[in-house]
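In the two complexes that follow, subunit A is the common piece, with subunit B as its partner first and subunit C second.
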Partner chain A sequence: MKHFLAFVAVIFSCLTVFYFYRDDAQTSADYTSLKVYGSGSFIGSWGPGPKLKEIFEKQTGIKITYLEMSDPALVFQKISFEGNQAVGDVILSLDQYDIARSADKLTWKTIESKTSFNLPENLKELEKMEQFKAYDWAPIAFVARDDLKVTIEKLDDLLKPELKGRIALEDPRTSSPGLNFLAWIYKVKPEAEADSFIKQLMAQAHSFSPSWSGAYGLFKNKQADIVLSYATSPVYHLVEEKDSHFTAIEFKEGHPIQVEFAGVPDSCINCDAGVRFVQFLQTPEAQKIIMEKNYMFPMVKSVQEGTAFDGVKNFKLLPFKIDMKEQLQKWLGTWSELRKNEG
Partner chain B sequence: MLQAYFESLKYVGHLLPISFLRIFLGYFYIQQAVKDWKIHVIGNSMVSDLLVEALNKTQMPFWYRFFLTEHLMSHWPFYAFVLVGIQVIIGFSYLIGYVVRPASILGLLLCLNYLAVASSSQEFFFKLMIACHVLLAWVGAGRCLGLDYYFYKRYRGIWW
Partner chain C sequence: MKAKAVKLLLALFFLFPLFVLLYFFKIDLNYNAQEILWALKNSFLQSFVTACIAVLCGYFGALGIAGTDGVWQRGLKLLAVIPVFLPSLFSVMIGMSLVSSFPLGTLGVIFILSLIYIGFAASILSEEVMAQLGRLGFVAQVYGLSKFKFHTQVLIPIVGRSTVFIFATIFVNALTSFTIPLLVGGGKGTNFEVLIFEKIFIEQNWSLAVGLSVLQLSLVAIMALCLRARKDIVAAEFYQNRLVASKFGLLGLGLYLGVYFWGYIKLALNTTHIYYFGEIFNDGFYQALWQSFVFFFCCLILFFVLFCAVLYLRYHLKNLRFLNFFLNPSSVLVGFAFYLLLPANHTVFDFWKVALVFSVVGFVSFVKANFENQIQLFEQQIRVARSFGLSFSKFLFTIYFPQIKKRLHFAVSLLFIFCISEFGLVKASGAEIKTLGTEMATYLSSYRTEGAFVISLVILAVWIVATFISGALLGVHKKS
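Right, the complex of A and B next:
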């Protein structure tokens, strides 16, 4: 035991010496670099992150370090715990539900847009947002192969007997498109009717996957005929797989949209560079990269001209607005209750 | 000591596969300690993601939640230093096979602590690590390809 205690003492003594003689350059605030939180799909080698980093670093000389986040709510909580010591100048990959549910855990910088957009009327609300800047968007839609025999034109058509067990959906508690779909139902139907519709849909769906990729995998493996995805998903198949047999189905009710935002928390260290980076994301050059990697519509309409995105049908859209946190919780509560009874 | 190190192969050679597991775990802990040192000790005291996630768990004893929020979070730089220290102790101990039994107990306690804060997806990993620590402590894994063999020959006792 004496040996062990001596061993512990030696290790801690060495660490203490290392701690006090560490390179101070590492600990002082670094104003030449930018710490950016983003989802794996954005900052991974297949996402737009690496290319954007390269261009931004070349233009400004500011070094970007990406930090991967799995759940924005946890990152907000983490930054709030860390206070002035927090690391993270920019947070990417936020959607409207992250903003509605968790963004109030932090205070955010106001960012002025330097790029003018030409957005559809129902998305004008995005231009008015001062703290979060949108960098891509897409309508939520069901995607099918073009040999689908069933005609689907409205939400109620999802209950057709031919589609029983053939619809891949996402769980709204864990997936943002899933939550968007739930909100969609409540926005276009009266509450009682919506509850009844959801109940029937639970018996109708193949499954409620925890994530978009899980649901899309079922569809790709032909375990489902249609999947809740984005209106831009067929473009991916067209460009990456040269396969034009996928189609997004338009619904008469109009489609909700999914938007991705970036924000700069007040606890930022290199705030000016953070704001510059967010503004950079909205420039045509960055928008093109984001569009091509994320397969979402750019905020700058002109960017998509002459690309495969030009071929995507203009769906009727529901007006964009950030839903109230309490409203979302109520919808999710009802969904969970119905799901519990279903199981 | 060096002679005893290799001599152990002759007398407790049957423990050799477990020694490889011990050395691998030692390497793993050192690697983890270096990473945590950079992020948590000298990297502006970033609070561990694991702890932030833990606070969102509904099933956690009140006293443990109190400890996390009132002590650990508010004195995170100190606790981060201690945690890295423990990882280094376990790492070096396993690598060179010195005081492996007490180090395994330390590793076991560390993993039990992580198990309390880990999400369900990480639980399996920490349970597996606990099994490894118990195994290493049980067989006295430092006696093969380790310094413990040298000290065991001289001092005997349960700590080698």
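Right, the complex of A and C next:
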């Protein structure tokens, strides 16, 4: 036993010493470094984060340290408590619902866009946003394999008996695409009709996953025939898996849009560099990397020319706007109530 | 006096996150009783039935394990607990691939939760049976007791209280589970953990979430306080015999493990044609592997210190029921308390931060599941040691630990897989460390879900190798 304890102590001491030696953490008052919060999928080895970091560091000499963010609500709450002591110059991976629901916990720097976009008409609202800068977007859409026998052209087609138990959806309480889908229903249908549709859909769906990836995993394992995802999802299969059998389904009602944003909180330490990094994300060079790694449309249209994204059909889009917090809560409340009485 | 101070320190350690949250937030007592009762009602049914199925099947599985010995026994015990450590999504996919028309709703939740916990119950119950039965099975066989009489009059009364504890552990875990009820639970998916999540992330009402968390702690504590301790039993080596061993139980357990792992292997095999291993085993992977070990050693040290504190209290005092209060606190809130308190982006702090969170969230149930019967079994030795004036440390290192080295090895092995596959607590506490679990979670949250299966295979492989090496170091493979 004593040998084992000695072994544990020696191993741990070595690891600690070794780790201290290689620790490259920076002090928070260092103006040559930038602390950037981002989701795991953005800053992870498969995401655009590492490549963007490399280029930005080379261009500016400012060292980037990524901080993984499990949920923006936690980060906002922490920064709001810490005030000027907070760490974090830039926050990435925000969507329109994070902004609507919790961005008011903090105050944000105004950022001027240095890149001009050629955005679709329905996305013009994005150009007016001064505090949050969009760096990618995609229409929300149902994705299926091309051997799907059912014809789906509108939301009501989701209630066809052939699709019973075959639709993988996301829970709007925990998933952003799920919330976007809920908002989609309320935006294209009168309220009473929307309530009734949701109620029927609850009995029709295969499941409501806590996250987009959960639903997509079920779809990929053929436990569902269609999944709520993005119009750009088939591009991933085409590019990475050389599989062209996936398709996004166009709906007559028009599609809602999911947008990812970056912002610089007022509590930033290296604010100028933070603003520069957000502006850098909108440059064509960075946009290409984000598009290729995130499988979302770039803000700079020219970047996608000659790529697999060019082949994605131009879906009819619903106008983009940031929904009111109260409105979202009302929809979620109704959804929860309907869900309570089902199952 | 010293023991009282240790008791106070231990209580403060577990209450610490709550103090932090109370410092930042005022508890909101403005509950919607109807909503809480509704969440309780929904989850109670799922948890109760799951715990019943898991314990009942686990009982027979435990008898199957008790009928084996050596490597087979150790292998079965370890294999059976694996479903608890794999991401819930894997179990959901495996469960769904087993049934052509998967029953969503309460039935679906019970099915998946049972699939996860049957093996866990069998593994822990087999430990209890072997630790507490000793030679009684052999004696009963000599006296010619029938199998039925042996089970109803000897075995069940002996392991009854342990079984109730395992039932309670599964019940509480099922009650506070998050992903499964949400994924396959239909309208009855909202339980306490989901309710806390809703308060934080949808309503941004942290005060109410903290209040709910305290309420959840209290409910668990009330239930846990009702659990009575086992009777003291003299330690004796387990004697295998035909009354305990069950071929039916072994067959059932084999079928369960076969079905689960066949489903798992099928899912994992689907990945190899897409992914080149070289692309997965990149710098990030090796960093995660390395940091998993560091995190494990941090946890090992903390758990060891806390375990010694518990033993010290047992050495001097009898009543440790206050620990039951901390059986299953909300991981989101404990994680966030440490997230608020310790600086972000400091590697060393981050390791200790997650280890502290893990200790607060998991130590009590971990120790109760692994060592409760050992503590009970050696109480007589403690009395003798005290009467001879033996110091606590002398007793611990020269008498107690050498006797339970197999159990220690089993527990360290479990702690190891807990640590390397951990990702929920790392994310909840905002720590910037990577484990193989966080690596797996990154794949799970992208298009590359197949990569998660490959990483999970690596986790299992690393776990088996580490278990073998630590076993060799502790000398548990030697025949005594």
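Just so it is clear, the second predicted complex is superposed on the first by the 315 of 343 C-alpha atoms of A that agree within 3 Å, B and C clash if a C-alpha of one lies under 4 Å from a C-alpha of the other, contacts with A are read in each partner's own complex, and residues count from 1 in each chain.
The rule we apply is simple: contacts are C-beta pairs under 8 Å (C-beta built on N, C-alpha and C of every residue); 3 or more make two chains touch, one makes a residue touch a chain.
All values reported here derive from a predicted model rather than from experimental measurement.
Of the two partner chains, both subunit B and subunit C are touched by A:K78. Judged by the touch definition given at the top, the superposed model places A:Q204 against neither subunit B nor subunit C.
After overlaying the two complexes on the shared chain, residue contacts for A:V87 are found with subunit B and with subunit C alike.
By the document's definition of touching, of the two partners only subunit C reaches A:E240; subunit B does not. In the superposition on chain A, A:Q287 contacts neither subunit B nor subunit C. When the two complexes are superposed, the chain touching more residues of subunit A, out of subunit B and subunit C, is C. Within subunit A, the residues touched by subunit B in the first complex and by subunit C in the second are 1, 3-4, 7-8, 11-12, 15, 19, 26, 74, 77-78, 81, 87. Taken in their complex, subunit C has these residues touching subunit A: 24, 38, 89, 92-93, 96-97, 101-102, 104-106, 178-179, 182-190, 194, 197-198, 200-204, 206, 267, 270, 274, 282-284, 293-294, 297-298, 300-301, 336, 339-340, 343-348, 397, 401-402, 405, 427-428, 430, 432, 438, 441-450, 470, 473-474. By the touch criterion stated above, subunit B contacts subunit A in their complex at residues 41-47, 49, 52-53, 55-56, 73, 81, 84-85, 88-89, 92-93, 98-99, 102-103, 151, 159.
The touching residues of subunit A, counted against subunit B in their complex, run 1, 3-4, 7-8, 11-12, 15, 19, 22, 26-27, 74, 77-78, 81-82, 85-87.
Residues 1-4, 7-8, 11-12, 15-16, 19-20, 23, 25-26, 35, 39-41, 44-47, 65, 67-71, 73-75, 77-78, 81, 87-88, 101-102, 105, 165, 171, 173-174, 202, 206-211, 213-214, 216-218, 220-221, 223, 233, 236, 240-241, 295, 329, 332, 336, 339-343 of subunit A touch subunit C in their complex.
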